[in-house]
C-alpha cells in the first residue's frame, strides 16, 4: 500500500463508501507490509547519485555483462568489482563503452555519469608496498567513482619510515585517509600518530607463512595504539572507499 | 499510534474534521513508528504461556532479586539462568517462594504458573558423563518450565556404548532428543544414527587440554555424519531447551 | 539369527530335539551377533519412504553412475549431492532418466517415487544473498525430495532488513525455517527474533578475508541471542534439509 | 635545537662570529634531532582542546592519582579509562573534584574544561544488549568529553529488530553512529543497511562458549555486508569514541 | 534377562508351559535390552585386576571420600586422579589408609591389592623438564598401579641432549616408553629416533606465551618425524599410563 | 674410528709405538666423532628386516624411480608412500617388478622379501567411512609390509553403530587396533570402550566446512574418554602402521 | 633542501641578503621535508656493498627481467628471490648473464660484484630434512651473496640425532648458525643446546595435516628451551640469511 | 669414564696388565656413556662466566631460596627470573644479600661476581610503551648480568614516531638492539628499517581483545618487512637478553 492507495482509502472513508472498521482492518497489516515500500523509498533517496555496484567474484562474465548493460541502458554509472582479467576482457568484448582497470580489477561504464558528491575535502589513499596496489586501487577508484577528489601515496611502508615522513604535508591536507598494508600491517598506526583525521585501515592478504592471508595485518590494525583508526575486512578496498566517501560526504 | 488512535483518525476523516491530506501526513511515519507496537503485540501473543527468563551471569544478586520480585508480583512464572550458588542463596534470602536448582544453576518462582503447552510428545535429555550434568539439567528444567514432559538419561557416553544401547526404547519413544556431551562430543552422532527424531546437540566445556573449553565437542557435533542433528552454543543448555520446546510445540 | 531361526530353536526345545543347555549355548552370542539384524530392521522400518542419498564429492562419475543405476533399478528415488557440473553431465550421459540440478549440484532419478511424508506443515528456506543459493537450493531440494512442501525466500540479508520484513506473513506460516547465510551470518538471529518456530541456521563459505571460509558465519549463528535456533555444518544444505524434514514429520 | 637557538645561530652567522661551514656542521644532525620538537609542536597544535587520557588498566591507584592531580593542576580536563571500582574509589579519596563513572569505568576531573569542538552534528551510540553497556558508556563519555553532542539508544539488538526500527528517526538524525554489540555482533550490519552515515562497530567480549571473548562479534562486524562500516578492537569503547569525534570534527 | 532367566524360559518351553510364540515375543527385545548385561559382563572380565579410577577434577572432597570409602570396603585398589592438595588432605582426614601423592595429585587406597599384571617388560617414563613432573608422575603411578614395573628418567630435555644420550641403555631395556614434554615438545622425536619400541608422547601445558597451554607441544609431537610415536591429550599422564599398560599386557 | 682402528690403537700402545698421552689425545674427540658410527650400527641392527620407505610427496617420478631401483638392486623390499597415480604409473614404466596400490597411493617392489617379524598377534584396521579408505589402506599395507598379519573392517562409523557391534569378535581377537576416521572422529572412542587392546587413532582430512581438514577429527580423538587410545597425525596411515608394528613386535 | 642549499642560505644570511627571520621561516619546514634526503643518505651509506633484492613472488617474468637488467646496467649485483622455474627460465632467456638457482628459486646477475663484507667468521646453515632444502638454500645463497663465507650441513634432523652429533666440530667453528626445519621444528632447540653462538631458526611449510603449513614448526621454535635462539617467518630463508649477515658483520 | 680413567686404561694396556680385547670391550660403550661427560665438559667451558639462572614461575619461595643460597655459597652470581613480589620478598627475608628488581621480577645475588664478557659493543633495549617495561627490564638486566654494557630507550612506540626519530644516534651506536612491544608490535619493523644491526623483537602480552595475549604482536614481528629482524617468544625478555649477549660476545 503506497501513498496513492492510502489517500484513496481516506477518500472512501470521508465519502462514507468505506466503514471505519473496514478501514482499520485494511490498515492492520500495513506497518509490516508497507515497511518494504517505506524503506526502499528511504534507501533510494539516501543513495542518490551513488552507482549500483556489482560484486563480480562469483558471477560469470555473461552475468556481469548482462547487469552492466542493463545499468548503462538506464544512463547511470555502472561499476563491477573483483572482476579478473579473463572475465574483464570477455565483458568488454560483449559490452561496448566499458573501461577495465586491471590493477583494481574493476569494470566501469558511463563514467561521465559520476556526479561530484557534496564533499568535505580530499581522500588520501596510502599503501605500504607495491604488492598492496590492487587493494589500494580498488579503494581509490571506489572513492573517485562515488564523486570524491582522491589522492594516492603508494609504497611508503614502515620499514622505510623516511619515505612516509617526506610527505607529511599531503597527510595534513587530506580529510580522510585510507591506509592499505599487508604483512605486519603497521602503517595505519604510524599514520594515525601523525594526523588528526579519521584513518581507515585496510589489511591485505599480501605476505606468506605467518601472514596467514591477512590475519596478521588485520590483528595489527585492530590493536593500533593510535586513536582515530578503524578497520575493514581483509582486501576490502571497496568497503574502505565506501566508508571514506560516507565520512567525506557533506551533511547540509 | 495504536488501534484506538487509528480508529479515531478515521472517524475524524469520516466526519470531515480532518482533511485527507492531513490524515495521510499523520500516517506517513506510522509504518516505522508503529512497527514497534505491531511487533510487540505479535511477540506477546506468540509467546503466551512462556516465562520471562533472566540471564543471571552478569547481574548482581540485587538486580536478579529485583527482577524476580517484579515478575512474581505479576503472577507469572519467574526464571533465572546461570545463577551461581552464592547469588542463588542471596536472592532466596531476599525473595521468598523461590526454588534454587543448584546443579542447573537456575532460580524459579511461581512454579505453579507453568502451563502445559500444547505439546507433541516427550523431550528426552541425554548426557555423556556426570560432569555434563549442569548443562543437561539446565536443558531439562528449561524444557519442563516451558510446559513439556521431559525425561532424562545421563552418563551414557560412547566409551561405554552398551549403557546407551540398553535404553533404545526410551530413545524411540521421545519426540525430540537433547544430547549433551563434552570432550570428544561423539554422543549425538551415535544417537542420531539410532533414531529418526530431531537431535539437538549441546557441546559442553567439560574436559582439559585439547578439549579447548568445548571447541572440540562443538566441532565434533557440527561434523556429525548422522542426518537430523543440529547444534547450539557451548554449555547452552537453555538454548537447547528452548529449541526442543519450539519443535515440540503443537501447531494447530 | 532372525525370528524364523529363533522360532525353530524354540520348537526344537519344545520337541526335546535340542537340550536346554544347548539352546542357551546357541543363544549366548545372540545379543551381540543379532544386534546388526535388529538394528538394520529397526532402521529400515524407520526410514521408510526416505531415499538413499549418495555423497558425490569424493566419488568418480563412474561410481556415482553405478550406484544411481542400481537404486533406480530398485524402483526407488535416487539422489546424489555435491555433484559438480562435469560429473553431473557425465552421469546423465551414462544413466537415462536423471535430472541434474546445477545450482544445488544434485542429481535425482525416479523423481515420481517421492512419496509425501506425513508432514506437519511447510518448510521455508531463506537465504541472505544470491551467493548463498547453492546451499539454499540443496536444502530446498533435500526437504522436497524427503516429501515435504517447501517454500523459498532468497536474498533477504540483514543489510536490507526491509526486504525480510516485507514477508513476515510467509515467516509466520512456515512450520520450520531453514536460514542460509554467509559473511557475518546474522540472518538467523533476526529471523529467530521474529518467529516462534524452530530455525535451522546454515552458515555458508561465501565471503573472503576474515570470513574464513564460513567460520565467521558459523560462530555468529552459534552465538545467536534468539532462542529456538540451532546450527549445522558450513555449507551443509543437505543436513539442514534432513533436520527440517525430521522436525516436520508427523508423529502418529 | 628549537626556534630560539636557530635564530641565535643565524645571528652569529650574520655577525660573522660563526663561519658558514661551522653553521652547516651544527645543523647537520638537526633534521633528525629536531624532528621531535617539530612533531611535538605539530602534535600539540593539532590536538588543542583534547584531553590527555590515562589508560588505567595496568596502573596502580597511586599512579593514576598522581597523573590526575598533575593534569588538574594544569587546569585541563583529566580523564582515565579502565579504572575498576576499587581503584576508582581509592583515587577519588586521594584527589578531590573527581567524578567516577562506574558503568564506563572512567574517572574525570576538571569537567568544566571540556570545550565544545567545532563539530558537524550528533554522535549516536547504540548497544545490542544491557551487558554491552560498559563499553557503550565508555564510547559515549569519550565522545562527550571530546566536546561532541552525543545521544544513546541501548538494548536494541537484532533478535528484537522492532525495537531498533521504532527509532529510525534517531538514526537518521545522527552524523556518526557507534554500534556496540557482543555475541553474534550483527547489529552494525542492520544499522549500516538503514543509514548512509559512517558506522563504527565495536565488538564486545559479552557472551560465552563460542563467543570466544568477542572474536565472534569482531569477525561478524568485519564481514558486514553493509558498506560504510568499520571496526575497532574488542571492548574498545574509547577508540570508537575517538574515531567518532575525529569524523565529527568540523574542518574549516 | 540374564542366563538364569533364559534357561528358565527354555525350560518352560520344553515343558509346554510357555508357547513358542510367547517365547519369541518375550525374547523379541532381548538383543537390545540384554546388550547392557552382555557388555557389562564382557567388560568386567576384560578388566580383571584393574582398579576403578576416580576423576577428581570436578568432584568435591566429600564426593571423592565417599567413592574411595566404597571401593576400599570392597577390598579393591582405590585410585583418584587430579586431586589438588586441599582436597587431598581433606579426603585423607575423612578416610583412613589413603596415600596422597602430591606431585602426581593422586590418591590411593588398598595399595596392597595391586596385582602384578601379566606384563611383557618394563615401562620407562621420561620427562623433558622438572616442570613436567606432575604429569610424568601421574603416568608413572598409573602404570605402576596397573601392575607394571616402571622406571623413570626425568629432566632429559633436548636442549641438553647429552643428558639423554648418557642413558641409552635404559632406553634400550624398556618395552614401552612414555615421553612427557612441554614447550616445544621435541623429546619424543629424539627418543623415537633412538629406540624401536612404542613411544607414547604426552604434551604438557608447561610454558608461556606461544606455548599456548600445551598446543605447541601437542602439535610438535603429532608431527614427529620418527615412526613409532603416538600422542595423548595435553597433561594426560593417566591416559599415557593406561595406554602403556595396555601395550605392556601379555596376551596369552 | 671404528672397532678395528680402536684395536690397532691399543696394539700400538701395548707395543709402545704410541705413547699413552698421544693415545689419549687421539681418543679425545672420539665420543663425539664416533657416535655416528655407534648409533648407525645400533640403528641398523635394531631395524633388521624393516624396509626403507620413500616419502613420495615432494619427490619427482624420476627421483622415486631412482631410489626404488637402487633398493631393489640390494635385494631388499622397496616401498614408497604418498605416490599419486600419475607418478605411480610413471615409476612403474621406468622400473619393472613394481606393484602400485592405487587406493593406498603406495609403490612396492621385491615384495617377496617381506619377512615375517616375530609378531604377537593380528593387527586390525578399522575405518569409519569409505572415504577414509586411502588412509586405512596405507596403514594396512604398511603393517603388512612390516611383516604382520593384518585384518580390515571398513565402513563401520558411529552413525550406524550396529555395523560395528556385529563384529565384536573380530575386535576381541586383534592384538592392536588401528582406527581411521574423519569428520567427527568418534570411532576410536567407541572402539576403545569395547576392547582392552591398544587403539591407535588416525584422523583423516575427510569432511568439509568445520571439519577443517582433519582438525576436528584429531581433536575428537585426543579427547577420547576411553583409556588405551593414542593418536597420530592427520592422514598418517603410514605412522599408524609403524606404531602398530612396533607394538606387535615380539620382544624376546 | 640539501647541504648545498643550506650553505647558500647561510651565505645569504652572512652577506645580509637574507634576513634572519626570513631564514628561520625558510627552515621551518626543513626537518620534515629534509628527513627523506637525510634518511636516504643514511640508508645508502649503511648498506654499501649490499645488493638490491627483488621479491619475485608477485611479479611477472617481464617485470623481474626489467628490474634485473636495470640493476646489472648499474654494475651492481642483481638478485631476485622466490622466482619459480617457469619465470626463472623466461627471465634468463630475456636477460643474459644470469644464473638461476633452481632449488633456492633465486636469480643472480653480476655475481662477480659480490664484495666480501668485513665479516667475523663463518655462517653455518643446517637443515632437518631434504624437503627443507629450498629454504635452506635460499638462506645459504643470501648469506653468500651478502659477502659471507657460508657452510652447509643438511638432513640432520632430530629423529636421527647421531647424524648431527657426528658434526659437532662444524657447529663449534661457526659464528652464526641458521637452522631450517619443518614438521615438529625441534632441530634449533637441540642445536641451541650444543653451541653458544646465535641460532636463527627458520620454520618451513614442510609436512602435512597438523603441520599446518609451518605453524607447528614455528611454534616449536618460539618455545625453544635453549637460550640464544630467535626465529624468522615460515619459509623465510632470505630473512634468515640477512639476519645472519647482519650479525656476522664486523663493526669497526 | 673420564680422562683419568682413560689414561689408566692405556697404562694397563701398555704394561700388559689388560689385554687389548678386554680394553676394546671396556671402551665399547664409551661413546654413549662418555658423551654425557664430554658434553658437560664442553658445556661448562663454553659457558664460563655465565650465571646459572633459576626459572621462578613454577617454584615455591622455599625452593627458590634454597637454590639461590646454594649458588651464592659457590661464590657465583645467582639469578632468578619470573619471581613475583610475594615470592621475592619471602626469598629476600630468607636469604641475605639479594636484590629484588620489582619491575623485571628478577632476584640477583653476588652481583659483584658479574664479569665483563669480551663484548663487541653496547646492547640497546627499546620498548613501545610503559606497559612493556617488565619485559624490557628483564631483557635489560639479563644482558647486563651476562656482562654487557646495556642502554635503554623506553616508550618510543610507533603511534608517536617522532619520539623514536629523536634518538637515531642512540640507535646507530648500538651493536645489537632488543625491541619490546605489545599491541600491534610494529616497532621492530620501524627500527629494523632505520639501522643495519641485528634486531631482536620481543612481543609482549600487553593489550586486550584481539591482542590475544601477545599473538598479534608476535605475528606482526614475524612478518616484519625489514631484514635483520628475528623474534623470540611472547614476554620472553630473558631469551632476548641471552640472544643479544650471544651476538654481542667477542669471538677471539
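Brief remarks on what is shown
Order of writing sets the labels: A, B, C, D, E, F, G and H. Residues in every chain begin at 1.
Please note the rule applied: a contact is a pair of C-beta atoms (placed from the backbone, for glycine too) under 8 Å apart; a residue touches a chain by one contact, two chains touch by 3 or more.
Just so it is clear, the model here is predicted, and its values are computed rather than measured.
In summary, the chains found to touch both chain G and chain H are A, D, E, F. At the interface between chain D and chain G, over half of the residue numbers appear on both sides, which makes the contact a same-residue one. Of the two chain pairs considered here, B-C and A-B, the higher C-beta contact count falls to B-C.
The chain with its Cα centre farthest from the Cα centre of chain G is B.
Matching G-H against the pairs in B-C, E-H or B-D identifies B-C as its interface repeat (over half of contact pairs the same by residue number). With centres defined as mean CA coordinates, chain D is found 50 Å away from chain C.
Taking the mean of the C-alpha atoms as each chain's centre, chain C and chain F sit 39 Å apart. As a whole-number value, the distance joining the C-alpha centres of chain A and chain D reads 25 Å.
Of all residues in chain B, those that touch two or more other chains are 32, 35, 38-39, 160-161, 165, 168, 194, 209-211, 215, 218, 222-223, 233-234. Across the whole structure, chains are in contact as follows: A-B, A-C, A-D, A-G, A-H, B-C, B-D, B-E, B-F, C-D, C-E, C-F, D-G, D-H, E-F, E-G, E-H, F-G, F-H, G-H.
Every residue of chain A that touches chain G in the complex is listed here, in rising order: 131, 160-163, 165-166, 168-169, 206, 208-211.
Contact residues of chain E toward chain B in the complex are 29, 32-33, 35-36, 38-40, 43, 55, 57-58, 203, 205, 213-215, 218, 233-236.
In the complex of the two chains, the chain H residues touching chain G come out as 35, 39, 46-47, 120-121, 165, 168, 175, 194-198, 200, 218, 222-223, 227-234, 238-240, 242-243, 246-247, 249, 251. Chain F meets chain H in the complex at residues 3, 6-7, 10-11, 13-14, 16, 20-21, 23-24, 27, 30-32, 34-35, 37-38.
Chain H meets chain A in the complex at residues 128-129, 157-161, 165, 183-186, 189-190, 192-194, 207, 209-212, 215-217, 219-226.
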